[in-house]
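Both of the next two complexes hold chain A, though its partner changes from chain B to chain C.
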Partner chain A sequence: MIRFFLNRLISGVVLVFVVATLTFMLMSLSGGNPARNILGEGATEEQVAAKAAELGLNLPIFERYWNWLTSALTGDFGSSWFTNEPVMSSLANKFPVTLSIVIVAILVTALIATVLGVTAAVRRGWIDRFVQVFAVIGFALPNFWVALVLVTIFAVTLRLLPATGFTPFDTDPSKWALGLVLPVAALVTGTIASTAQQVRGATIDILERDFVRTLRSRGISKQSLLFKHVLRNAASPALTVLSLQFVGLLGGAVIIEKVFALPGIGSLAVNATTQGDLPQILGLVVVMVVLVVIVNLLIDLATGWLNPKARVA
Partner chain B sequence: MKRKFMAAVALAAGVSLAITGCATGGDSETDAPVTGGTLTLGALVDAASWDPADAEFGNRIQYVQPVYDSLLHIDDELVIGPWLASEFAYNDDSTELSLTLRDDVVFSDGEEFNAEVAKANLEHFKNGTGQNSITLASVDSIDVTGDYSLTLGLAAPDPALLRNLSLVAGMQASPAVLGQESLKTTPVGSGPYVLDADASVTGSQYTYTRNADYWNTEAFPFDEIVIKPLNDLTARLNALKSGEIDAGLADAKSMAEAEASGLTAQTIEGDWQGLFIVDRDGSKVPALADPRVRQAINYAVDGAGILKAVRLGEGTATTQIFSPTSIAADPALDSRYSFDPDKARALLAEAGYADGFEIEMPEFAGFTDITTIAFQQLGDVGITVKPVVVAPDQIISALLSGQFPAFVFSWGSSDSWQDISKIVGPTAPWNMYGNSTPELDALIASAQSEGTQDAFQAVNEYIVDQAWFAPWYVQNNVYVSGDAVEVAMQPQNVVPYIWNYTPAN
Partner chain C sequence: MSDPAVQTPTIPGSPRGGLFSRVIGDKMALTSIIVFVLVLLSALLAPLLTSWDPSRADLDDVLAPAFGEHILGADGSGRDVLARLLYGGRMSLLGAFIALAVALLVGIPTGLIAGYYQKWFDSISSWSANLIMSMPGLIIVLAVISIIGPRMLSVMAVFGILLSPGVFRLTRNGVQSVRKELYIDAAKVSGVGDISIIARHVLGVVKAPLVIQAAMMAGIAIVLQAGLEFLGVGDSSTTSWGQMLNEAFLNIYVAPLMLIWPGVMIGITVGALAIFGTALRDAVQGTQSLPRARKTGSQEVLPAAIEVVDGALRDRDRRGTLLSVEGLRVGYPRADGDTSIVVDGVDLHINRGEVHGVVGESGSGKSQTAFSIMGLLPTGGRVLSGKIEFDGTEFDAGSAKFLTSIRGNRIGYIPQEPMSNLDPTFTLGSQLVEPMRRHLSLSRAAAKTRALELLDRVGIADPRRTFDAYPHEVSGGMAQRVLIAGAVSCDPELLIADEPTTALDVTVQAEVLDLLRSLQQERSMGVMLVTHNFGVVADLCDRVTVMQNGRVVEHGTVGDIFDAPQHPYTQMLLDSTLEGTPPRAPLATEDAR
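On to the complex of A and B.
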């Protein structure tokens, strides 16, 4: 188990390094002129040159990369070229927003999808058909459209929930929760649909296994059979889907953040990329990859805990 | 309204002192205006640097105006009056500007404002790397002549200087933080409000509370201002409709929806859109050296049609580059080249290009709806446009590098002299090929020294005749507000200045 964990950890670190290097090189070689973008259209060539020197853009690319890497290893990711805010402080501001939405969305998805999927698999009949139809519809509806409909009904017309903005949890937990209702609802229609289908399929698959029939013949109670044996076995594929959903939501939240004007990493990523704000993009990429690595590691550990057969490196 | 100028502005100074209510003792009004409450604005972009040296016009000016006072003041009719400078006057040949400063101004950190501080701020702005440092380029010397008086010496008359001193170039930060890194993230000014860091979240909400020691509290009715960056138009409209913000920028397409929801939509002339024809010496595309070819380009594109179809008629068709509210504007030049493809073909044939020619133009995000039509219409008269796709982060550097002999663009014209300095003059950054003619140089020189409407209009007429550009229309800025506030639109800026808002009665 420790060897498995270490292997994953090392490959994670290598992944972070590779992605950061690739990002640096691609952004640096793409030919933009950040100094000009910062100073705007009115600046003279001399001003642009002075700004470029201030940002270190006149150094050879490998020297710039080395400078960035050595500072990054000490935890200093520099400051945004456009807002002057330290990269780590802007990420510390923005990540809680996106993570709030994504984590709550994943928890809601896990809960509702499990209930729907298991009920459909166990009961079959009309509930099953309902879940199937819901899954197709939920999957087909684009989440930005769902978001707009929800805003129009619940924020603009009924004025029950805020239309835009985010309140940090430590400022006001109830406002934080209210602000999350609509974005999370818009995000989870698609994720619940696909996860419920996975849970349903996996549960039906397990229910038809020989060991379940054997357990049933030994008179084990329905609850015990379902919760101790079936769900435990059906959980692995569902967890894999959820981990993929998590990664997908980190990116997919961009549109939802736009509709609800949430100051998350989505708008940060879009702005930093269109402006060519290299320090900001690099900080963002590194933190995103680290997050993805951690989530995958946790899911691997959980899968291994649930299913000993999966504990191979 | 045409802009008053130079001497007229200096004359107006005394009048506007009374109008703006900046004489501290004058609060004996009979019907007191409504004050108090919170003004909440939705902004198109997030705040950037808080250092006045980096301050910008346009959308971002709303973030800095609450915290920084400027030396002069500009109102919604473009009349320039006193502010931190209680008196200002030019010498006879407009090469020296004398300023007398208020002696009762204190920064929010307790530092005092005086002539030395003003000088330090002007130098900080001029020598900084902010995108508007160019607006003080004409200032050669700054002499402190007393505790509260100073004189700016100019290399040559600068007809845009007073306006600039009333906006970002005149903004004053505390001497204790001037030039320090902290100023980029924490503003310290003498403005009517202070940024409340505890109630602000970067990227989400900026809250300003009253500056308790402000010298002119009466001019700012709200107790609190909140600015929320709401980049997405749908989000801004939803926030307006649900009452989360009081006002925000919209567009022509959302006007009907906003008005149907009971909101007030106001319009004011904004950017002109059309073609910059910059290779006027024909160094890249020889055909462009002939004015007839450039005129043909003007005749070839149906600007009024694009305005009607794409911008839903929200704007005014024009063929001049200067703002309709500026001194150089001349209504007669709005219709110099009406859409006439036959005339375009005839002019091309006359110039020896009956078979047309080829030209490379950039294509980039935000403009594809109008470039597609323009390229097709140019193609119809024989000018084959080869589109080159440019990434969003490379647009400005690609255009300024002179890579393209002509391009479709949107330009926010403001003060005529500023526009001449930016896009017309021989050393203007947007005159990428450095084009000039002796006639134009002479016209610009007399506009600069005389500063009269006739002199500026002569420059305008020459540029339109010579078809240096091919403007199609000035599009309207659409600004939407709820019923809690009244908003005075601001000519020559995309959003109103912070003093243009008042609580509704």
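On to the complex of A and C.
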């Protein structure tokens, strides 16, 4: 188990390193004159040269990369080229917003999708058909469009829920929760649809295994069969789906935040992208990938705990 | 990092019929294709369908209502919504097409090479695929946009690379599953080159899953592109559904209905792709065969069951009957609405303490009979009629209530394949303890003590270690002993053993048969021994029922059946079993003395 975990940890670290390096190299080599972009058309050649020197843009690319990498390892991702705000502090301000949406969304997804998927697999009938139709609808409708429709109905027309804005949890938990209802609802339609479908498939697959028949032949209770044996076996594939959903939700949240004017990393990412703000983008990419790696490791641990066979792999 | 195997559609075994004909034959798939083609045509033929220029803004027409001069109204800049919808489809579909093309062009060749030649290329490409799959896609795409600018088609090409691992895995796994097949070896031996083997045999297998995957990826690409444009990182000078949503969002308080049209177009297009993928997957997987069966109504005339019973057993003592099955019929629904009958009017009588063999070739309905007695038919299977009497209680063969009260408690079951019949996520011990706690109301400690005794009884050398082991940590023979221990743990009166030794090594087979015999004698259980092996029958059984095509063709004592089989099928089975071995003729040996 430890070896398995270390293996995953090492490939995670390699992933972060590869993505960061690729982003840095491609962005630095893509040409253009960042110093000129920052100062605008009105700046003199001297000013531009001075700015380039200040940002270290006149150094050879490998030296610049080395400098970035060594300070990044200490947690210092430099400052935004355009706002001069340290990358780490802007991320620290914005990430909690995005994370609260994504974490609430993934928990809601896990709960509802499990209930729907298992019920569909066991009961079949109308709920089974519903899950299958829902899977297509959830796949077909972009979550930001669902968000737009929800805003139009519940916030603009009915004025039941706030259309925009975010209240930090420690300021007012109930307002925090109310503000999350629409963004989370928009995000989870798609993830619930596809996860429920996967849970349904995994549960049906387990229900048809030989050992389920043998367990039934031993006369154990229906509850024990379903909640102890079937769910535990179906959990590993479901967890894998959830880890993929998490990656998707991070991206989905970036888009959703625009609809609800939430002060998460969405606007930061869009601005940094359109301006070509190298330190900001690198910081974002690294933090995102690290987050994904951590979530995958947690899922691996959970899978290993649930499924003894995975511990050997 | 994570294993996304669950995402990929499964590779079908041997697809029957062409992919094309299967798609056309499926109503859902056909409808979704027609819808998609209509969307495609509406984009291609946009100039014929509307006279408006999608990018001509007219200040007089700002937010003009629908059904006037503009059929669907005009947007916030006074541009015709219908024209923008039609022309916008071009950009959205082209972007998806590019992403798809790149994903396939990268994924298929690498997958083919990795799966066919394996070795170092496989390791490197699989590792890279895992790497790409765990990247946060949208953030990577945003970083790409910051590098190359808002050139949406190039961005979609890069997104195609992010999608390619799905194609790669599917192709690689498909190739790996066929390259071990004999016909590939045959092709190699007959001098067919690698490339034509790949083209002819391998691509054929991965074709259907790839089409399914491609439909899903095209949908994902359309949604992603729209998302990027909605975010405002797209090229605002082009017309596309995402751009329309972006602009509609600016007017959300003034003209919320403007959001509907592009959303509906995306929904219809992606929905058609998703339905197509799902319908195709169902069509491909629907070729899985049900248990081999005869069609209803095929009234081939079979001779009535022949009873060969000596006098002592003919007058069956009703009090001695443990299990009696009468007129059992079992059917599976078929795709055409008909029912396949797999067990057709079977009678079976097992006395207390008797070992009763049920013999027949695979597909004769013997296992299905055993499952019906326990009420454990596989999904779809149904008892159509029949009575079962267990220890004096008579009930409908289909009723679940009585069965649940006696399963595990009074009827024990030993399956054929030991490994697949143990829950891989629980220790062997806990799987033994659970039924005993329920049926015998034992405490956890008492049940554990009893489980350890049972493990010792079935010949396991180190019961404690086995108790704490998981199924994958023990051998098949040990697993079967554990399953036998589980079957007898609550002292059942009837033991149903379904080919209990077929999956085991020959040496282990003999040991397990000895164990079964001694347990049966010690507890004087009635045993229903399902087998195709007359050797096992001769070894253990008192009486035999021979089944063919879901019917009983002959039953009687072992001695009678072996000495004087009446039914031609029994004779054939016996001949094929005993061929090449010295004839078993106990009477002859007696004579020789």
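As a convention for this text, the second predicted complex is superposed on the first by the 311 of 313 C-alpha atoms of A that agree within 3 Å, B and C clash if a C-alpha of one lies under 4 Å from a C-alpha of the other, contacts with A are read in each partner's own complex, and residues count from 1 in each chain.
Assume contacts are C-beta pairs under 8 Å (C-beta built on N, C-alpha and C of every residue); 3 or more make two chains touch, one makes a residue touch a chain.
In this text, all values refer to a predicted model and were calculated from it rather than measured experimentally.
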Open item on the list: After the alignment on chain A, I want to confirm one thing: do chain B and chain C clash, or do they fit together?
Closed with: clash
- [ ] Would you sort A:38 into first (chain B), second (chain C), both or neither based on which partner it touches?
- [x] first
TODO: Could you figure out whether chain B or chain C reaches more residues of chain A?
DONE: C
- [ ] In the overlay, answer first, second, both or neither for which of chain B and chain C A:198 touches.
- [x] second
Open item on the list: If we overlay the two complexes on their shared chain A, which of chain B and chain C does A:259 touch? Say first, second, both or neither.
Closed with: both
TODO: Go through the superposed model and pick first if A:148 touches only chain B, second if only chain C, both, or neither.
DONE: both
- [ ] Look at A:156 in the shared chain and tell me whether it touches chain B only, chain C only, both, or neither; answer first, second, both or neither.
- [x] both
Open item on the list: Which partner chains sit in contact with A:274 here, chain B, chain C, both or neither? Use first/second/both/neither.
Closed with: both
TODO: Considering only the stretches 3-11, 21-29, 39-47 or 57-65 of chain C, report the one that runs into chain B.
DONE: 57-65
Task: chain A residues contacted in one complex by chain B, in the other by chain C - done: 30, 148, 151-152, 156, 258-259, 273-276
TODO: Please name which positions on chain A make contact with chain B in the complex.
DONE: 30-34, 36-44, 47, 50-51, 54, 82-85, 90, 93-94, 97, 148, 151-152, 155-156, 159, 162-166, 168, 258-263, 267-268, 271, 273-276
Open item on the list: Which stretch or stretches of chain B touch chain A in the complex?
Closed with: 46-49, 56, 129-135, 184-185, 201-205, 228-232, 234-236, 238-239, 241-244, 261, 391-394, 396-397, 399-400, 422, 429-430
Task: Residue numbers on chain C that touch chain A, as the complex places them - done: 1-7, 127, 130-131, 134-140, 142-143, 145-148, 216, 219, 223, 226-227, 230-233, 245, 248-249, 252-253, 256, 259, 263, 266-271, 274-275, 278, 371, 374, 376, 378-379, 404, 406-409, 411-413, 415, 417, 420-426, 431, 434-435, 438-439, 470, 472, 483, 486-487, 490
Task: Parts of chain A lying in touch with chain C, wherever the complex brings them together - done: 8, 11-12, 14-15, 18-19, 23, 26-27, 30, 132, 135-137, 139-142, 144-145, 148-149, 151-152, 156-157, 198, 201-202, 207-211, 213-221, 224, 228-229, 232-233, 237, 240-241, 243-244, 247-248, 250-252, 254-255, 258-259, 266, 269-270, 272-277, 281, 284-285, 288-289, 291-293, 296, 299-300, 306-309, 312
